[in-house]
Amino acid sequence: MDNFWTTLLYAFLSMFLIFNYGMLLGGVVYKIIARVHGRFGPPVWQPYVNLVKVMGVRTAISHGIMFWLGPVFRFAGGIGLFLFMPVVFGSVWMQNFSFSGDLLLVIYFIFFGQLGMALGAAESGHPYSPMGIMRGLAQVTVSEVPFALAVIALAAQHGTLSITEIVAAQQGGIANWNMITNPVATLAGMMAFLGMMMHAPFNLHLAPQEIPVGPPTEYHSNFLGYMQANRAFFASAKLILFMNLFFGGATNIPVLVGKTFTLYMFAVFVGVVNPRFTLENSIRWFIRIPTATGIIAVLLYTF
Amino acid sequence: MSLKDIVSPFNAWKRAFEKPDTIVKPLSEREGSDLYRGFHINDIDKCIGCGSCEEICQNAAIDLVDVASVKAKPGDSGLRPLIDYGRCCWCALCVDICPTGSLGMSNDYTWISENSDDFRFIPGIDEKKWNRSEKGYRRSAESWLVDPNRQHMNEIEPDKRKKNFDEYAEGFTDEQAMAEAGRCLDCGICIQACPTHMDVPKYINAIRNKDLDEGLRIMYETNPMLEACGRICTAKCEDVCAVGHNGKPIAIRSLKRYIGDQTFKKKDEIMDLKPAASTGRKVGIIGGGPAGLTAAFYLRRFGHAVTLYEQHDKLGGMLKWGIPDYRLPADVLQREIDFILRQGVEVKYSVKVGKDISFDQLHKENDALFISVGAQIGSDMPIKGMETEGVYSGVEFLEKVAKGEKPFVGKEAVIVGGGNTAMDATRSSIRLGAKAKILYRRTEQEMPANREEIREAKEEGAELKILSTPTKIEKLPSGRLKIECLKMELGEPDKSGRRSPVPKEGSEFYIEADVCIMAIGQKVEPEFSETIGLKVTKWGTFEVHSDTLRSNDKVFAGGDCQTGPDDAIKAVAAGKKAAYFIDKQLRG
Amino acid sequence: MTEVNNEENKIIKPDYCDPELFCTALPKEVPRMNNIIQKFYDWAQANSLWLLAFGTGCGSIEMRPLYTARYDISRYGIAPRPTPRQSNLFIISGYVSVKTLKRIIRSYEQMQNPKFVIGLGSCTINGGMYWDSYNTINRLDHYIPVDVYVAGCMPRPEALIAGFDELKKRIKEGRGEGANEYAKNFAWYKANQKKIIKDWDMPDYNW
Amino acid sequence: MKPIWNDTKEYDLKSGKYVKIWQGPQHPGVTGNMSLELLLEGDEIKLLKTHVGYLHRGFEKLMERRKFINCFPIVCRICVPEPDTNEYLFAAAAEELSGIEIPERAKWIRALNLEMARLGATVMGLGGQAGSFGLGTIGQWAVAHRDFLLDSFEELTGGRIYHMYIVPGGVRYEIPEGFEGRLEKTLVKIEKLLSDIDKVMFNNAVFKSRSKGLARIPKDWIEPFGINGTTARASGVSYDVRKDHPYLIYDQLDFNVTTGTEGDVYARTELRREECLLSINLIRQILAKMPKSGPVRTFIPDIMHWKIPAGETYVRAESGRGEYGYYMVTDGSEYPQRVHVKGPSYTHAMSLLEKLAEGNTNADIFGIMVSLQTYPPEIER
Amino acid sequence: MKELIERLRSKFNAKNIKEQRKNFVFITVEKKDLEGCVLYLKEFEGYGHLTLLTALDWIEKDQFELVYHLHNYSNKTDVSVKTFIDRKNPTMVSINNLWAGARVYEREIKELFGIDFPGCPRVNDPFALEGWHEIPPMRKDFDTKKYSEETYFPRPGRYTKDNVAQMEEQLYPVEAEVKNGIAETVRKK
């Protein structure tokens, strides 16, 4: 980190790339889902058009300062999550900011956005928003538990809380990936991953049938634009995180694309064919299976 | 919950590798099915503007509107349906009811507009992209909502009826009348076709409502000779009947007869006509035929005193003397005339104007005069042998029959002509015991007689010899007649649209018969015309103003003596018109 | 035998008029910018139509095939949204009863400025087959501005897709200004609405 | 004795323990255009009230001022997914009162039409049930396959949604040539779909965990709540109008009424799949046994002024959702004195749903509604 | 069926018995007997299913008619119990304690016909209509077309022509004048 400004520049560049990647990934995944439905699906660039559209909406209603801080918080959460992870291991410009305890910060950032949304959505006054937030927070919290346990197991395994170091430890072939070296933690982590990716069966909080789109019910215009942009960020950041933690990170961009896409497809693969859990079901499930798996993983490395 | 339950759902992914169900180009790939009920189309030339579609539309989506390019003509109101797609529900009842089958639906279904007022158009007139669509919903024979078959009156079988002059048609039963009335679409296209413009839908509706008394009242508004007309009318209305375009027309005449038959006993009670306030004016009517009687009836309703001068000893004119009893029984005619007379008409029987009383005297005595003497003299054919014994004119023959004289017909009678008089003569001669043969110079389609008459005549054994005309009649030594004839062929259509016959060279032939009845037309008695000094046309009819029937200040003329020989209903119309304008003139 | 249970139910009264949840400010016209950015926005608006998933009448039965595999309108960038805030296209699918009209107005007013309305079927144009019903409004354009009408009863999904095309054209030409028209003629629309909705128990404008 | 449905509890809204929300009418999680007034404690429904009337068009009033022949295009609008039942029932009531006999072949074609409509509606219902729990994939397939069936309808009747094919006196049109073959192809497609739905929905751990035991209807609720159709059969009451009061030609077809035992959402959904298979079976039977030719329509006397003698009757038919009934009273004029339409879900949506929802979570309410097959237009008409 | 009818006749003085189909009968009872009759049918004769409950407006007789249609699942028969109530002050006993479904029917009838059912829960809540101030719409004296035309902006500028009038005008104006002039004289008394 010889020159702060260069790093910052690189960070912006990678942010730009990852944003576009997230957008395109969304488009492609919709197309794939559509194929299962037996149709063609929207064009790949549709997320961009949607983004321009919402940004071009002429009026916007704010319900107060917290209301518009919600998307900002969320956006910050996404960027925060992204900025503390090495995107391409060993690359100069996609290294981002890394320090020894960044894994903890990352876990925090995953949650951060939801909290911000909670404040904003509560301000909106629409009953569906708090309900969605309530469900969303419960969902995130409950999937954080096995995730945290898996992270603890990893930390115990590698003796570090730095993502970069964890990635570094996994270099040198598939046999070194945590997926192989620590399968139980990976299992717990991947189950948590399902819970975080907002696909069925764990997407009750934004289900249109139960409550219209959940937290963002009242969000529109540029608020929604920020949230959409964040979604692209957040999704790809999460993918990168899981790739880094369990699947050996990426050393170049094709590997990055391949791994993250596969990871995303995993969530989609499960999501398309399943209905949603209700919240109790989902909490019960998370407490039971993934958490137990996580505890086993932790126990395995503690003893 | 088993492992199977977790794994099995992933089967769904195999659909990802199948061809999607999506229609790639929905706007061009999938047109409506062959039967699709899309936007309307209308064959403007076939459409008669009857308004059945408007009537049946429960959404009030259809309006009948003026169309510049279509003019009203007999059997076509000139209006065309305009459809509001802000109302239409595409049920296609309008298509299913359409009597002509002109209305249909295309299989086109896209019409987008920014303006809600756009969604109206006249199918077939306004240019739309589906106008010439071949596919789409059309009314088929089975989906037509109207029964194409008409009810038939029970008739005495031809073999029995040809033995006597009894009325052979029995009239509708109640069920038949209801069924037949039920076929009527209430469109009213027939009203125009009727010379006296009877409110046909109204009285059919009365039958439908089982309110025959009202039906009778409705009919008397336009026609006081309804019982006679219910039997012998030429039923022009049925020719234009909307249902007739694709099925048999409504039996309007029979329905009229049905009302008459059911109500005649209580006619006075039903009609309950109070004498109108007297105006103190006097009107004289010369000739007690349908025109005269009609005029008399309505003039009485206007409150004028009426005197009828009749040369015979019975009223009825041609209805009495020209129509045999099997079609119009004498008592039916008589009871109808009696009803008119009960309105206070003074009749002078057996008075021939110009002989028994002078025209000038009448002219002086009355405030107005209506001449309805009819065309009583049979026309002659310009051929040799007309004066031969055994050659009658149609009217002469029928008059004899009507008087009960039983004229000689021998074994074989030849009737020349194709009108109703010819048919009457034919069937009368059959009833008198002859075999009848009809000579007509055009084809059967062109015959002016009613179709039914022709059919029934044939049923009774009349032989039809079309495209033939007599050229000479000779008396054979055996006492029989030899009628030399010529074959004809049809040439170009003339002004009236009928194709005129052209003689075929070298096609002479002859037939033998005992009598020959010339039913080729009638004319007004020339001696009478001379006595009254009215203007006379080249056909021998009186020339009067065509609208008001007025010639000079107080003389009116109408009926056959004005139009030339025509049917009874025309005479009724003339009588009515005369009554109206006489009244108008008398009131100033 | 008859046990009369006459307890007045306590929670039934809908408290529509919670002043905290409504804004009473009147709508404002937001004019179009006259530049290339506006053109770009118009293009995006046209190609990303989010329609409000509110099945107001029988037409909603044909919306399902549209969203789903057979017709798949997502190909054209059209997607259903469950909340009026995020939608910019309102499809009035057929007849509108008075009770629904009230909800339509609320939903419509909650949509944000460039907003479009498609009137589906005869019923929105001139009353359709319910022209003489005491409970259905006859002409939609008297209550909210309508951009495009699609004739039919029901219009086929294809007709609706053609309607979308027409709407896109209109938006790209810059004529999809229903929201501004509504703001401009607010008094007229509101008077019409109030004529129909007898017990008007909400603010005049719910944004 | 206080009946179970009358124990109105009171909740103190001011305590802050409860939240009251209105779900619908503008809400994708409500079948059709109706709204639910929910009182929630957390996620649990304490009290539910349904509000209908958003689709009230006054059909019964409109019919009173329409002539008999003009009523048949309007009745089908009462039930959008399955309009044919309405058309049939109106025609049947009018025919019974006026004493019109319809041709034999028309009866078979009517039955074919009804079964096709039932199949389409039930397939879509299955998709809706999957969608109500978030399994959109099945919804996509099901609606698309219903659309294939609509193509057949379009070919047979000329209309896609509203067929207006069954008219008083018979049916409008002869079956087009080669129709049987094309219909068979669609049936095969739907059979394949049903086997896929089996795999993806009925053998789905998540679906089972959500729907089993949800909104169970005990057998002794059937009568007081007036439950019918698949909802009643899922609780073990074998009542099917086709079997118990055979109309048209159903007495000449060979079929059994399937019943469930559990009476929960899963059982109701499963029974609907059985209904689909049964409909497919019946369509095949009908096509095989139908007389091959003959008239399809008798003329109605006096079409423009069709008068039906004074009388009254109630006719019923089994729709995809249960017993549909028409009560018609005539007074001898051209207009019906009164037509009352009894939709199958009339009581389901109000009294039953309100009772069933109590104690379930907000998230399940849509699933329950779909499983009861509530359909607002037939409730308020 | 015959015995059932006999029992109903003796117990509740059932009149106007009309067997519409075999196993389907209409009976009419007095207003006061109605509740007892349906209760008897439900509890003792097995008619446990209330198929429908509806009302009819006989405005000429100044009466409302209520129809309770009951169905028996076991022997598959139907009985329709009808009763007439006064149109001036229409009230009827509620049967919501017998059938849960009846409440909805009663609410609907209350709204659409204005027949009151005291004791039925939520009977005064609006059912299908909102903000309705006219007479109940299903009553015969309510004219829906007139109401619609007065309330909902009918489209101006629509016109239609009578084809008979059009032909009169275009083809035979003089005769039409004659016809009308004459018709009057016959109608004149």
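Going by the order they are written in, the chains are A, B, C, D and E; count residues from 1 in each one.
Rule of thumb we're sticking to: a residue touches a chain if its C-beta (ideal position, glycine included) is under 8 Å from a C-beta of that chain, and two chains touch if they have at least 3 such contacts.
A quick note: this is a predicted structure, and the numbers were derived from the prediction, not measured.
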Exercise for the section: Tell me which chains count as touching both subunit A and subunit C. Expected result: B, D
Problem - More contacts between chains, A-B or C-D - result: C-D
Practice task
Would you kindly say which chain has the C-alpha centre located farthest from the C-alpha centre of subunit B?
Solution key: A
Fill in the blank from the handout: Comparing each chain's Cα average against the average over all protein Cα atoms, the nearest is chain D
Handout entry: Computed distance of Cα centres, subunit E from subunit A, in Å
Key = 62
Problem - Cα-centroid distance, subunit B relative to subunit D, in whole angstrom - result: 54
Practice task
For subunit A and subunit D, let me know how many angstrom lie between their CA-based centres, rounded off.
Solution key: 43
Completion exercise
Here the gap between subunit D and subunit E, centre to centre from mean Cα coordinates and rounded to Å, is 24
Handout entry: Where subunit C touches two or more other chains at once, by residue number
Key = 3, 5, 7, 9, 12, 53, 68-70, 72, 75, 80, 82, 99, 126-127, 129, 131-136, 139, 153, 156
Practice task
Return the residues of subunit E touching two or more other chains; collapse runs of consecutive numbers into ranges.
Solution key: 96-97, 121, 128-130, 137, 142, 144-145, 155
Exercise for the section: For subunit B, write out the residues touching at least two other chains, lowest number first. Expected result: 9, 11-12, 15, 20-22, 32, 58, 84, 86, 89-90
Problem - Graph class of chain-chain contacts, one of line, ring, star, complete, other - result: other
Exercise for the section: Would you mind giving me the full set of chain pairs in touch? Expected result: A-B, A-C, A-D, B-C, B-D, B-E, C-D, C-E, D-E
Fill in the blank from the handout: Per the touch rule, the subunit B residues reaching subunit E in their complex are 49-51, 54, 63-66, 71-74, 77-79, 84, 86, 117, 187-189, 191-192, 196-197, 217, 220-222, 272-274, 276, 298, 301-302, 547-548, 573, 576-577, 579-581, 583-584
Problem - Residues of subunit A defined as touching subunit B within the complex - result: 32, 34-40, 269, 272-274
Practice task
Give every residue of subunit D touching subunit B within the complex, in rising order.
Solution key: 66-67, 69-74, 137, 141, 144-145, 147, 151, 154-159, 162, 164, 172-174, 176, 196, 199-201, 203-205, 208-209, 295-297, 299-305
Exercise for the section: Spell out the part of subunit C that touches subunit B in their complex, as residue ranges. Expected result: 69-72, 75, 119, 122, 124-129, 131-132, 139-141, 146-153, 155-159, 161-163, 165-166, 170
Fill in the blank from the handout: Within the complex, subunit C is touched by subunit A residues 30, 34, 37-43, 46, 49-50, 52-54, 56-61, 125, 128, 208, 212-213, 216-221, 224
